[in-house]
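Consider the two complexes below, in which chain A is the common component and chain B and chain C are the respective partners.
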Partner chain A sequence: MTDIQKSTVAERTAAPTSDQPDAPLPLRSRIMDGNLGGYLLLLPAVLILALLTIWPIVYSIAISFTNYRVNSRQPTEFIGLDNFTQLFSDDTFLGALWITAKFVLVAIPLQLILGYVCARILSAAHDMPGARIFRTFFIVPTMMTSLAVALFWGYILDPFIGVYNWILAQFGLPQQEFFTSTDSAFRTVVAVYLWQWVPFTAMLFMAGLLSIPRQIYEAASIDGARWYHRVLQIDFPLLKRVGAIAGILATVEIIRLFDLVYGTTQGGPGTSTLTNAIEIFRIGFQDFNTAYAAAASLLILVVTILISQLFVRALKETEQPA
Partner chain B sequence: MTAISEPAPAERRPRFGRQHLKWAGIWLLALLLALMSAAPIVFIMLTSFKTFIQTQLLPPPWPDLTNLDNYTTLFAGEGEARGPLVRSLIVATATMLITLTAAIPAAYSLARYRIARKKDIQFWIISTRMMPLIAAIVPLSSMLLALHLNNTVQGLIIVYVGINLSFAVWLLTIFFQSVPQQVEEAAQLDGHSRLGTMFKVTIPIARPSIIVVAIFTWIFAWNEFLAALVLTTGESQTLPVFLSRYASQTLTAYEQMAAVATVQIIPALIITFAAQRYIVRGLSMGALSAD
Partner chain C sequence: MNWSRFTHKVRLVAAVALTLALVVGACGGDDDDADSQEAVAGSAAYKKFTDGLKDKYAGKELRIITISDPFVPAFKQTAAEFSELTGAKVTTDQFGYDPVYEKEILACEQESSTYDVIVFDVPWTEAFVDCTEHIDARLKRADPELIKYDDFFPVMREATTWKGKTIGLPFAPYFVLQHYNTEVYEGLGLEPAKTFDDFVTNAKATNKSEEFSNIYGTALNNQAGSAVGQAFFEYIYNFPGGKPFESMYPGSKDAYSDMTPLFSSPQGIETVELFKKLIPYEPPGALNTDWTARQSYFNTGKIASVNQWDVTTPSASDPEQSVVVDTHATAAFPTDGELVTQVGGWSMGLNKHSDPAQKDMAWDFMQWFTTPETSVAFSKAGGFPPRQSTLENAELNDQYPWYSTLKEVIPTSFADCRPRIKESFDIINTLGTHISEALAGDVSTEEAMKAADEEIGAMLKKAGYTVKS
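Entry: the complex of A and B
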């Protein structure tokens, strides 16, 4: 074994290594004490990340100019920009993009408002008996498997045997079709999404609220501030940054929304809940139109990068004076 | 319920009824929020003890809680869901261990060593986190096919490690940076090498943060569905993929779906109740320290 190998092995197998800092071998001490060790520590993570992020992008770009199909014996041909021009006239795909955009526009404001209201309630109740248990129950949906959430809400909201319509009937309220009609499927998916993700947003706002010094509120109440003054003049400016982060995280979450739709409506009825993630899955893994799906993926990637840029910019603009 | 917090100090308590009423109102609203989250979960757990006939009845009958038929059919002996369950446990645990093994040294390096172009490397690591899986899943499936790792648990684990790594490195870097450098310098004066210091001093101090990362990595791999659906089938499918069969049945076996769903969400319940502190910390750290 060479010295290099010895040292690397020692470095990987961790703890009990040299207790003498003046080890005789220069390379060994460069690893153990010098900067070379730093690069070696970083290397595995960088390699894994490069393999799993750079390679897919390069591969996507390469095959998006072909007519490659993973299950086809036909020779793959270079077809230039055909996939992309086809995407922009593909009504189903554009429709799926529109549904995702509509989802963002409808769900994000609700998520932020409800998240703030829940955070206010829970932080007002922060020291009351039982509050810890309440908070724990409240946050559980965020940690759960989205697919399981989708499936059990599908049962609860079944128009015929679901318990929800039965409860509505007990109060004399009209029966709902939930996931089964083109009118109501979209808003039902949004509602289940909110059930799972509002607690997450509320947690972020709660962390923000708890970091606002109590004295500010006390001073405000001495000045005779009403509750809406508190909301608009203290909470809103101080939580803007948290709100921006929560909003962007939720946007990214909706762009990749797959499990919830797959487990409830699979995009239907018709195309009323067909989000872009479901549509790419359908193109790539049900139609096996691999190259076309790669082109669509690239488009989604570009949109996500643009939104992340907004994220960075929003953060810079809301930077709080420390 | 061991951990109920103390009520607010007595001197802040007003004597008058109106203030009490406000307190009661807030308490009730908080209770309502907890119930809104908990009620569907409890309902589905109860459903897992029912028979098929009972799942079709309204009002929903109270099940016989000693009826474990759904669980034994699915998970005992030759049960179909047993393999997926074991596989999901392996995948989640392996993902967690490999992610930590790669992320801890990398984060330590970024926090403490002089690395050329460190800022660029950090920015690149963070930016990979924004990549939506749906945009990468087509090439990833082709890649695993080329490596003959399609339809294997190993292939899935590699993808999961890749997805979690940036989050883990990023979070741990922040944590390591918050460990006072003097502590490490003292250890080095005591004759530890730089690497020895990392293992003997910094990692033990950063243990709570490592637990946060471990929890989130494990639960991510346990919950993940899209990659598992594309990358595993039959012999290699994980529990969420098994669960997805109930999404497209014509006459859904809701009692079985409820049993699998219950097993699927139990880790989230255990983790949330046992480690609420870590979770709140992880969620808010992950999101709020984004610069």
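Entry: the complex of A and C
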């Protein structure tokens, strides 16, 4: 900056002396030198955010208190909390909520445990030849789109034409119905979900494990710590933060799980795999009961936030000084 | 030839004989043949119309949204002739059943002009009344010899009309037929089922029989939701006195005057019980079977019979998709009462929100595509006959032997065999969810159907229909 420019800025930003009138700065100066310029630069991003994120949420909240249906023959009217009260007496929706809750309760502990076990194996083999290539293949399921995963496993596990049952038949083992029986469909969807998402959780845990200083393990070894001591007293406390993040991500993933279920079972047989995402899609985009779908989505949003708070609390605990 | 060497008498006899031969030839063929010959060659009205279309829309684009059903390649092939004739580029966007409905309804709600021609299914009629231009005035102005409106199947004329307003022209109607493997049936001495008892007996007899140990009996549309919901409507009317709603039955003056659901009626229960009874004779995974899977089972020789829309029938004759090319046949749907054949399929509507010039082009396309002449070309390419004259066409009858079954069943269908109101999708899905619960054994059939009655009854009551408690 030249001396002239420096002096000009200094003059412009100098505190007013008592004999100077308290005149407002010209607009150009406020934009160029004051806070206004910063706000103006932020404005396009804020507008885009408002248009694409805030407005749809506000709109969803607004229509959830009406009887709005796309392509309805009746006028849209304010109906207060009717949609929300109806949700609590809607057996199909409550059933879907229970299936989703069951999914969260079954899949997340398994995802965290299996993710940790895989991470341990991967980090133990970190320096072995071919480890990099193995890790690349290991993460491939997570990189696949869920619909492709659904179609892929749908064919493999098809009870009639699937290769898996063909292999079982070669060994004289009984055929399995997988996605097509109420007894096994839920378990099979959970298993396919884990196949896709455990590698991602393992990568998170592996990053966490690699950040733990080796000296801690060496010291524990000198003190005679066995493998389960290392797991329970070193890994778990130090991976709590990573585990909480993985838990939040998995919860959100399961609550909005759609493609995988739609591509394999469409929520059936019966309602054995009818998750809330499938049910909300059905209400909103097949039956076009838009306001009711908005109310259901908001309810799910609140539930998701509450569950996430549990993990956030766990995260905060890890930040407490020892 | 040197005619001078024949005597005058011989020449006279030859001329009379030739004249007689021509007269006999003209009178001897039946009217249908004459009509179909005219259809192939093109009527005067058709020639006049196509002459007027030559290069009329050069540089313009016509956009069509349609289902991605097996007729689409034939549709595109036929539409390409319109491009050649008029110079217009025809763009066809195709989507699966649920997505196409979703996109069309949203486009309708947004008053979008993205598509000029909207292809819709029979149960969607009321849903498109507000976003399609009612074509009654255009039909009146059009050349009746070109349109030949009365030549469309009566059931499809009714299906494209809502409360006196015509909202489209049918071009690919479907009917549900019984398809069976002739090798298996003949080998086991069976006839195609005439009643539901026959249907169960045949399924049992053909299921992993000694002679055909790798073949299962049949496959139903049991998948949860719209698949099994739709199947219910195919069967319910064929139990004596069966109807889904109080005033919905063939011959009803107003199918929507009393929408009290009757899913838990004895006939409704019998329908679901029939589905249950057939599960042991279906391939593994019966509870998740849908339209595509069961047709693939039939075409690959894994099941002995399937009651399926005729849209899939040509695929059984396609050597690339089928191993039963020469060993399959069709028959009418089985029934325990008077036969009611399920109708569905596709019609073209004019998007009300399109630009007027685009609408004119779309109307020309719709007229041209549904003329008897183009209908024959479309059917030859793999499409479906929307007209009586197309169904009678001799060449098409040679190409598609199953047309004989169509001739038998089309008069037994009625437009409202599935509701055509805005709530149709919701009704079919909700019903399908409850039936699936019953098939899976989560609840009893009675409980499932009572729950369907209550849920669908409440929905219809809310929508303003008469529903008696």
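In the analysis below, the second predicted complex is superposed on the first by the 270 of 322 C-alpha atoms of A that agree within 3 Å, B and C clash if a C-alpha of one lies under 4 Å from a C-alpha of the other, contacts with A are read in each partner's own complex, and residues count from 1 in each chain.
Just so it is clear, a contact is a pair of C-beta atoms (placed from the backbone, for glycine too) under 8 Å apart; a residue touches a chain by one contact, two chains touch by 3 or more.
Just so you know, these numbers come straight off a predicted model, no measurement behind them.
According to the contact criterion defined above, which of chain B and chain C contacts more residues of chain A?
Here the partner covering more residues of chain A is B.
Can A:31 be said to touch chain B (first), chain C (second), both, or neither?
Touch partner of A:31: chain B, not chain C.
Tell me the contact category for A:263 with respect to chain B and chain C: first, second, both or neither.
first
Taking the superposition on A as described, I'd like to know which of chain B and chain C A:70 touches: first, second, both or neither.
A:70: touches chain B and chain C.
Figure out whether A:272 sits in contact with chain B (first) or chain C (second), or with both, or with neither.
After superposing on A, A:272 lies in contact with chain C but is clear of chain B.
Taking the superposition as given, does A:129 touch the first partner, chain B, the second, chain C, both, or neither?
first
With the two structures laid over each other on chain A, which partner does A:282 touch: chain B (first), chain C (second), both, or neither?
Second partner only.
For A:84, is the partner it touches chain B (first), chain C (second), both, or none of the two (neither)?
neither
Please indicate which partner A:179 is in contact with in the superposed arrangement: first for chain B, second for chain C, both, or neither.
A:179: touches chain C, not chain B.
For chain A, which residues belong to both interfaces, chain B and chain C?
Shared contact residues on chain A (touching chain B in one complex, chain C in the other): 70, 266, 285.
Under the stated contact criterion, what part of chain B meets chain A in this complex?
1, 3-8, 23, 26-27, 29-31, 33-38, 40-41, 43-44, 47, 55-60, 101-103, 105-106, 108-110, 112-115, 121, 124-125, 127-128, 130-143, 145, 158-159, 161-163, 165-166, 169, 188, 191-196, 199-200, 219, 222-223, 225-226, 229-230, 240, 243-244, 246-248, 252, 254, 257-258, 260-261, 264-265, 268-269, 271-273, 276, 279-280, 283-284, 287-288, 290-291
Across the complex, what residues on chain A touch chain B?
Against chain B, the touching part of chain A is residues 11, 14-15, 17-21, 29, 31-35, 37-39, 41-42, 44-46, 48-49, 51-53, 55-57, 59-60, 63, 70, 118, 121-122, 124-148, 150-156, 161, 163, 166, 195, 199-200, 203-204, 207-208, 242, 245-246, 249, 252, 255-256, 258-259, 262-264, 266, 276-277, 280-281, 284-285, 290, 293-294, 297-298, 300-301, 304-305, 308, 311, 315.
Which bits of chain C are touching chain A when the two form their complex?
Listed in rising order, the residues of chain C that touch chain A are 98, 101-102, 105-106, 108-109, 127, 130, 222-226, 283-288, 297, 302, 422-423, 425-426, 429-430, 433, 436-437, 439-442, 451, 455, 463-464.
Under the stated contact criterion, what part of chain A meets chain C in this complex?
Against chain C, chain A makes touches at 70-74, 91-92, 158-160, 165, 175, 177-182, 265-272, 274, 282, 285-289.
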